[in-house]
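Structures incoming, each one as structure tokens.
Shared between the two complexes below is chain A, which has chain B as its partner in the first and chain C in the second.
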Partner chain A sequence: MRRKEAVLRVRDAVMFALPLASLIVAWQVVASLGLIRVLPSPTYVLETLLNLCRPAKGGTPIILAHFGASLFRVGMGFSLAMAIGVPVGLLMGINRYVNYLLHPVLSLLMPVPTLAWVPMLLILWGLGDRTIVAAIFLGGFFSIAYNTASGVRGIDKDLIRAAYTMGASKWTLFSRVLLPGSMVSVITGLRLAVGYSWRALVGAEMLAAAGWGLGFLVFAARMVSATNVMFAGLIVIMFAGYLMERYLVGPLEKRTVQRWGVVRT
Partner chain B sequence: MGSGENIAASGPAKLEARHVRKEFGTGEDKVLAIEDIDFAVEENEFCVIVGPSGCGKSTFLYLVAGFEKPTAGEILLNGRHIEGPGPDRGFVFQEFALYPWKTVLGNVSFGLEIQGMEKKEARRRAEEYVKIIGLSGFENAYPHTLSGGMKQRVGIARALAYDPEILLMDEPFGSLDAQTKKLMQTELLRVWAKTRKTVLYVTHSVVEATYLADRVIVLTARPSRVKGIVEVDLPRPRSYTDDEYLGAREKILGLLDEEVARAFERETSQAQRTDEGPAT
Partner chain C sequence: MRRQGRARSIVSSAGSFILPLLLLCAIWEIVSRSGLVKPVLLPPPSTVFPRIITLATTPTQRGGSLLVEHILTSLYRLGLGFFAGGLGGIVLGLAMGSNKFVNGYFNPIISILMPVPGITWTPILVLVLGFGDSTLIAVTFIASFFPVVCNTASGVRSVKKELIWAARIMGAGRVSLFLRIFLPSSAPHILAGLKLGLAAGWRTLIAVEMIASALWGLGYMIFDAKEYLRTDTIYAGIIVMAIIYAVIEKAAFGFVEKKTIEKWGVVSEVA
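Here is the complex of A and B:
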């Protein structure tokens, strides 16, 4: 059994790595033939990435300083979106009138691209963390609130009836039925929000960052036409987003909805 | 003897439905689901309601549970007017309605915990009922790992655990396969013999009703009224081939056949009306 598991794991890793490896090979070929003028070769990008690992003034590697600035902003923005989005969504799910009030507002605001808010935020707060964090918040908030609300409203009516039959108070119903019952949707909202947060971050950093941040790095590189730096930045953004999704939302999902068997694994 | 009207007056009934009427919607959309249901259930009785599909028998059970309010008339439990759902009635749902995030034990002890029983005591009590219902060894399993029959065992244990005055069952074995259904009926009677809980059970199956019931309430097609009441005074376990069993079954079927035909007619005429709408 153990052995079979190990074999499967290797197979999965290969299945995941193979398309990526082919992509990199194709990239190298296209780049070394000079088919696309602005495309740096993967080896050059790797070299740049290693270069960026040189320590900056404070002693931390340059790329880590950029990464750290971005991570801090995403952390703040995403936490805020979660801390406000989940309760708002729950309220909308529980209370019909809150839902009547907020549903149209949310429906209208949700499709607005996050970056469209940034100019206004710039007037309000200027360049810097506050503007970027606010943009990330807006990027994540709507999907969290919306999904949480529909999660609560989608709970099987019989589960609610059963609780009332057993004598549940409104509070018990909320904390022990509605809250766990909406978990699948809450997690879906969080998962989407992680992606939106990163997107919002990079965009907002291009417009509103002063000095540090992965988005800033990629954007600033255009001034010296350093496509190698742009690609290095993109790769870090890619991995950071992937890891965040995997190690933040993944474990939450495994411990809750997967164990309960309400989603397929 | 077979008429229901006198039973309500004959003594203190466990459950009493007095001229219950239920309408849904308002204005043009108004639907009369229940016209007038009037009967009583005695203490320790296993009472089964049968009726053609869509007749409002589940609606009636919802009224007893307090999920809905009657438009007119009243329902009394132990002589007290029913106001909303409460733990003096246990409900068993057709689709089980188990909490997927709770284990078998967690589901069964939930009602006890809600009612303020100390956690340890609730667990002990839940374990007892899990055992009674024949699920020992599955205490820590999550519902999604259980078969339909096992899920409904949990549903029954959950409803019995907090010792309600009456057990309301809404086609509890309706979504189970024929073999499991038979087994569960036998199991239910075994548990019932042990607890002697008053049961009000809704089904569309005459075979099931005759097998389980002390008394069968036959409802008319919608809007429902009590068409007739049949006493099934036969010892348990009953045999499906026994003459007396078949006699009782025929009696119920006789009452029901006409109503099923009526319900069918109404449905097909509705279907025809929609067919005549847009050209296909």
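Here is the complex of A and C:
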């Protein structure tokens, strides 16, 4: 049995890798024929990537320093968005007046592109971490608050009445009915927010980073037309995004929503 | 009778939407006048809203209005990029949804490219296509393409087997199977994908207009205003963006939804 599972897993991995490999081969052919002038070959990009893994002056590999700076910013921005967005959303869901006041603002500001706030933040704080973290925060905040609020509002009225009838206090109602009942929406908001924060990160780093960060790496490489570095940065961004999607967002959903049995597995 | 009821509901929904906004504008005005925040950082609404009018009435060399030309340039880029991305996404998504091999090949590629923010391609595309509309449109295309592909493919795959079998038994050919079964039953998914694609394209376009230093467009307008500390222009730009997107979404999708999925009656089936 075990063995069969292992074989299947290997087969899946090969089926996943094969198309990507074919794409890389095509890229190599196009690059070595020189069809697109600025396109570096994959081998050259790989060499660059290995070069970037060499330690810089401080001792950490260069690429890790860029990666670390980006990870720190996205972590800070996203945590802030969650720490503020969820309570605001819950408050909007619970209290009619808060909802009345904030709902129009949220729905009006939600479609404003996150990076549209960056010029204002640049005036406020200039280049640097604060501006970037704030942009990431704004990227995540709206979808978290909006989805949390609509999750609480969407709970079946009968459930609330039933809980009251059985003598639930306000706190019990909140912790046993409203919170679990809205969790699907909260998680949806968080999922969306991870994507938005990640997108905001790269854009904000291009506009506001000083020295470090993956977005900055790609953007600075353009100044010296180092296409190999640009593609190396792109590949790191690609893998970071893929790993995040696969090992952070997916499990998050499994751990919480499925365990509580709100969504059928 | 019915019309009166509708008019009243429009009035009441406008009241519950606009009243809180007016209230917040009043708070904004008071905070900004009170001197708690530097007036440069938070200009009061009484200077921001007139600024929109000033921008709209400033003539350009081409003879049009400054704000309108910024808006039209952005919309032109968004329109072309989104059209290409939406069309390409639907075509590839339909192929992936209905053919196992196409799906097997493109699924890994798409799942690895999808988390890459569209903006990341900007520096690379600038080198290939130069500073100009084609770079901006290409990035918008990339950003709006992925959500459409994913949703279309999963929409086609979620069509019930029984429906397909039933159609086959009743003698449906490939074309009518496609037109009568696949397309209508995956339409809600495709529309959802198009909505996401439009939003992604819009967000990315505004960002790219700042990064690739285009000379026109709403993104450029607010980024340029930063150089001169014209915060009133920045806030005006943000307000204009919010309004414009709300209008586009309502106009484009409200109409299309009414003509397609509501008419075909697939929505109630899905929900």
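We adopt the following convention: the second predicted complex is superposed on the first by the 248 of 265 C-alpha atoms of A that agree within 3 Å, B and C clash if a C-alpha of one lies under 4 Å from a C-alpha of the other, contacts with A are read in each partner's own complex, and residues count from 1 in each chain.
Assume a contact is a pair of C-beta atoms (placed from the backbone, for glycine too) under 8 Å apart; a residue touches a chain by one contact, two chains touch by 3 or more.
Predicted model, so just to flag it, every value in this text is computed and none were measured.
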Superposition on chain A - do chain B and chain C clash or fit: fit
Chain B versus chain C as contact partner of A:T114, first or second or both or neither: second
Vertex chain A, arms to chain B and chain C (CA centres, degrees, nearest 10): 80
Which of chain B and chain C A:G167 touches, first, second, both or neither: first
Chain A: partner with more touched residues, chain B or chain C: C
Partner chain(s) touched by A:S143 [first = chain B, second = chain C, both, neither]: neither
Touched partner set for A:I36, first chain B, second chain C, both or neither: second
First (chain B), second (chain C), both or neither touched by A:M183: first
Chain B versus chain C as contact partner of A:T48, first or second or both or neither: neither
Touching partner for A:T131 - first (chain B), second (chain C), both, neither: neither
Which superposed partner A:V218 touches (first chain B, second chain C, both, neither): second
Nearest-approach distance, in Å, of chain C Cα atoms to those of chain B in the combined model: 10
Chain C to chain A touching residues, read off their complex: 16-18, 20-21, 23-24, 40-41, 104-109, 111-124, 126-128, 199, 202-207, 210-211, 219, 222-223, 225-226, 229, 231, 234-235, 237-238, 241-242, 245-246, 249
List of chain B residues in touch with chain A within their complex: 65-67, 84-87, 89-91, 93, 95, 97, 99-101, 110-111, 114-115, 142-145, 158-159, 162
Residues on chain A engaged by chain C in the complex (per definition of touch): 15-20, 22-23, 36, 38, 100-105, 108-109, 111-120, 122-124, 195, 198-199, 201-203, 206-207, 215, 218-219, 221-222, 225, 227, 230-231, 233-234, 237-238, 241-242, 244-245
Interface residues, chain A side, partner chain B - complex: 156, 158-159, 161-168, 172, 176-177, 180-181, 183, 256, 259-262
